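Each chain carries a letter (A, B and C) given by its place in the written order, and its residues are counted from 1.
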Amino acid sequence: MEEFLAQLPQQLVNGLTLGSVYALIALGYSMVYGILQLLNFAHGDVYMIGAFIGFLVMSVLAPDSGALLLPAALVVMLMFVVAMLGCGLLGIGIEWFAYRPLRNAPRIAPLISALGMSILLQNAVQLTLTAGFRVYRTDKLIPLAAGIDIGSVHLSAVRGLVIASAILMMIGLTYLVRRTKLGKAMRAVAIDREAAAMMGVDVNQVIMFTFFIGSALAGAAGVLTGLVFTRVWHTMGFNAGLKGFTAAVAGGIGNIPGAMLGGMLLGLIEAFAVGFISPTFKESITFFVLVIFLLIRPRGLLGARILQKV
Amino acid sequence: MLPDKFGRDEWAAQIDARRAGPSGLAGQILARWSAIPLAWRLIGLLAVAAIVPPLTANDYLIRIAGTICLFATLALGLNVVVGYAGLLDLGYVAFYGLGAYAYALLSSDKFNVHWPSWASLLFIGALSVGFGLLLGSPSLRLLGDYLAIVTLGFGLVFVQLSITLDRVQVPWEPNPIDITGGSNGLINLDQLEFLGFELTNVTHYFYVLLIWLAVALLVIYRMNQSRIGRAWRSMREDPLAAEAMGMPTKWLKLLAFAFGAAIAGVSGGIFAAWQGGVFPLNFGTDVLITIYAMVVLGGVGSLGGAVLGAGLLAFVPELLRSPELARVTFYAGLGLGILLLTRPRRTGLATLAGVIGFGLALRLVMHIIAPDFQAAPSISVAAASVSSGFERAAQSFGIAIQQWIIYPTNLTLPGNLAFLILIPSLMGLARMRSGRWKAALRIPLLYLLAFVWETRLSVEPAVTRLLLIGLMLVLLMIFRPQGLLGTKRVEIA
Amino acid sequence: MLYRSKRLASPMSLLIVFGLILTACQPAAAPAPATEAPSGPVEIKIAFFSPLTGGAAFLGTEQLAFARLAVEDFNKGMVPYHATLVEEDTDITPDKAVPVAERTAADETILGVVGPAGSGQVEATAEIFETAGLAHVSPSATRPSLATAGNKTFFRVVPNDDVQGPTDANYIADEIGAKNVYVLDDQESYGTNLADTVDKVLKQKGVTTTRASVTQADTDFSSLVTTIKGSGAELVFFAGQIPSQGALLAKQLKEQGVDIPVFGGDGFFSSKEYIDDAGGATEGSYASVFFQDIRGIAEAADVAKAADAAFPTWGNFGPPTYAATIVVLEAAVRAHKAGNLSRAGVLAEVAKTDVKILGVPFKFDQNGEVIGATFYISQVKDSKFVQVFP
């Protein structure tokens, strides 16, 4: 028991770090599903590309041999900005090419298109950048030992950065959705696309923005993953996408605070499962969480009751 | 892209036009074909397939034929779940694996259990049905997208469990017991044995797989024609309306799952006996994607489509492994594509000529500007080690191509850059309106495509294959969602 | 609502075209080296099986680079002979290796095989090679049962897991003196076998062990590290194949203040990924490898240099591949000199191999195991691998 309590605070930190990343990915899933009722399989791969873009920026500005070309803080900022922009544009491109023609097709068509897009992205990255693992040299930007110790818990600087930036972005997103005109338009389109169109909302533009924001968040998540977990490779989007979706569902799909909550919760569950049950069954445990949620409370923690209109 | 939205009256008015089959030569052949009674059609196809082994002594080819039969059966099973019942089951491969592992455990030295083959296969069928019902029960409550993810998760968990269930702690044993052999898998499985006849080589297994395929075809066809098939179709189109009409949608969904599972499970059992072993990686997402691509390419909901898709995606790739033949196929495909798909034909020929001219001009320009950029062609002379005349012709073609295209010394970087430019440009071109600009832009883009092929795609064939499968799925859904042989579905607003 | 498409021909042909293009994506054989061989060189054609794509591509591409180097060196040094390498991508799963093996067996001009790389693949293709009488020399399949299965055509140039496990465990228990070890594997067949053996031997020596596994796709070990911290382990034995994973574990251990070394398998022996990219976190950690570090061998200096140019991140998988390729080619040369350049001749000569490649002697016993092979343990000291055992 004492061992449990002794490890608990550190596992909390671990879980929150993981959860922040999952939450950012889940947000993109939730937003797109809310507006289009489409499960964007390619979202995980957008996350992966974000991680790679960050890596490329880093290898230019902080080359393996030799010193940084710009101060560390600036390098990190640039990584974020470039990755988020790049992924946002990628998201818009994917929507325009693969999903827009299928707006009125039977439900299965955009799903398969999304699956195809995911495979396409993964293998395009493998073709151009080869199959190996790339490693973020975070230690060049933020020293390995930097961090604060609170009691028995070590909160490293990088983890603090991850948690803080995720929370900041979520606050920013909530502000966007609640207080701005664009956010209002997004909510309107999510409720009823045709009615919103009749009220003068440019549906295509709103959808475009939604994809941009969701993909930008995924890109940020990719950079954060690279910074704290260091390894990026071309199939990392698959697992992360699955977990992001689990988080979105657990929180209530289509619901933004729900996605954040679901993400954090999933991160904590995973950390605790590894710490207190066994690392061997980590993936299976995550999946069982999903199944349990779907069976017992399909609308998730914060979701509204799903009504089917006839 | 025109949205497929019809006003109801217009839709009803066009019913005759829709019912009429394809016109022209294809239509006539189709009409003749449909006129033959079903039994004879099946026997005819079977006879054609069955004479393959006597014709060739090459075990490799017979193995390919067997693999096609196996994958065709799997595609058929998936077709039932996805095509007939409309349930997106991404964990289908788990049933395949389950059947294979079950066979391994029942017919090997692992636990010293050696059941007779017929008993094993029957048991596997029953077990798969059971698991299908189990897996299908979440589907009752879940909408299509959620079901996809849950079933995907099941598939992943299956692979995980097969790897990790080799050290299971049970209370009555001091040491952990090894059930699945972990990542090493299970080997030395018994061969199948029917009525005293033991299957020993590839040809035997091919016949068994062919018979199994025929059985599956027959059963599914019958089921489709029956009330259950109609019920499935109506449930697929509109579950709420079907329920309102009194159909037991719950049972229909479970039945679809169970049926698909049974087919996959027994196929898995036969596969395990054929391979002589089972390994966790046999049942990963790669296989799932391949089967899905087969079904989608052939046409979701179409029997012939599933078999055709399986054939295309499993047969021809194996046969053309030589790089020279691959190159010939690629350029032939490209040329055919240009000629067949542009209307009028004149424009197609003009495009082809334009690409060739463009390439030569570009090569000349590159030669003047940067002569060191290009490398000497890698195939300078038709080697003596090439076996057939056809291959030698293919090599000569390769030499000609390498004279035409810019072949840089360092293939990778220019190829990657070209690839990164190519993909967005192709996407843009696909969505562009037809016109002079589109026709003109096609030429440099086609050249770029050939360039990317030569420098990157042909160098990494396995990656390219998956890349093209992904692209094909997207393009199919946009331009022809019903695949090759499927029937088009529209949603009425 | 259904209707049959009337315009069957056009979209259909599009898809047929697409299908044709898809079929054209096939593994390409290596272009023949552009050597001006004198008229009538003796052609020796061998096949090379390795995972050029898929999860183990990092391994396979390194092996390929070295195999190509070996063929180049052979062609340069043995002018009356000309070797051609038929490169086959077999991924790392057994079912992908089988059709490739059948195709190779059916091609009469292929005299020997280097590979397959995975133990499961060797098992799956054993019968095909036996029937065809094709000698296959594997540079990386280390499952012990492969040699005792009774195959006359299987050989390997590296020692098996039964040697690696006890070697590592004994070193850990005796030299390092750890009393509490956390044993991890990566759920791949190589890792689990090795970890099981090490666990068993450590337990026999009275060391407390905790056993767990992770996957190759795991990105975060921090929760695991917290558990390791709580278990009081003095060393983590990580039977993994991916160096960046080992480096990540070491980094996260350091991050939480758990200052214990990581002991890894062959895969970790990569200077760039395990040492440089770890930024100092792997200082003091170990890797056990099945082949000597050829950078320390004078005879292998040229090969090492050429490899640096061709494949900068090479580690421990390349050199045995070089050796395996040369073994087959040398055997073919001897077979030709004995007047029997055929599969049977090559097979007989491979069994009689007694050569020195890269400064290391190679000889096989009657099961195909290489004689005198041992495992080498290196430690990271001052950002470099230093051999500490034997």
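The definition used in the following text is that a contact is a pair of C-beta atoms (placed from the backbone, for glycine too) under 8 Å apart; a residue touches a chain by one contact, two chains touch by 3 or more.
Note that the structure is predicted; figures quoted are calculated from it, not measured.
J.: Going by C-alpha centres, which chain is most central here?
T.: Closest to the centre of all protein C-alpha atoms: chain B.
J.: May I ask which two chains are joined by the most contacting C-beta pairs?
T.: Chain pair with the maximum contact count: B-C.
J.: State, to the nearest whole Å, the distance from the C-alpha centre of subunit A to the C-alpha centre of subunit B.
T.: Spacing between the chain centres: roughly 31 Å.
J.: Approximately how many whole Å separate the CA-defined centres of subunit A and subunit C?
T.: 35
J.: Where in subunit C do residues touch at least two different other chains?
T.: 53-54, 187, 213, 215
J.: Multi-chain contacts only, two chains or more: what residues does subunit A have there?
T.: Subunit A, residues with two or more chain partners: 126, 280, 283.
J.: Touching two or more other chains, which residues of subunit B qualify?
T.: In subunit B, 160, 164, 457, 460, 463-464, 469, 472, 476, 489-490 touch at least two other chains.
J.: If you look only at subunit A, which of its residues touch subunit B in the complex?
T.: That would be residues 33, 37-39, 93, 96-98, 101-113, 115-124, 126-128, 238, 242, 245-246, 249, 280-281, 283-284, 287-288, 290-291, 294-295, 298, 306, 308, 310 of subunit A.
J.: Over in the complex, which subunit A residues touch subunit C? Could you list them?
T.: Interface residues on subunit A, with respect to subunit C: 3, 6-7, 10-11, 14-15, 17-18, 64, 126, 130-133, 135, 137, 139-140, 144-145, 147, 154, 156, 225, 228-231, 235-236, 239, 270-272, 274-275, 278-280, 282-283.
J.: For subunit C, which residues are in contact with subunit B within the complex?
T.: 1-29, 31-32, 34, 43, 45, 52-54, 84, 89, 91-95, 98-99, 102-103, 105-106, 109, 119-120, 123-124, 127, 143, 187-189, 191-193, 213, 215
J.: Show which residues of subunit C lie in contact with subunit A when the two form their complex.
T.: Residues 53-54, 57-58, 61, 187, 212-215, 217-220, 222-224, 226-227, 229-230, 242, 244-245, 247-248, 251, 254-257, 273, 276-277, 279-281, 313 of subunit C touch subunit A in their complex.
J.: Would you tell me which residues of subunit B are touching subunit A in their complex?
T.: My answer: residues 1, 3-5, 82, 86, 88, 138, 141-146, 148-150, 152-154, 156-157, 160-161, 164, 240, 285, 289, 292, 296, 300, 416, 419-420, 423-424, 427, 430-431, 456-457, 460, 463-464, 466-467, 469-474, 476-478, 481, 489-491, 493.
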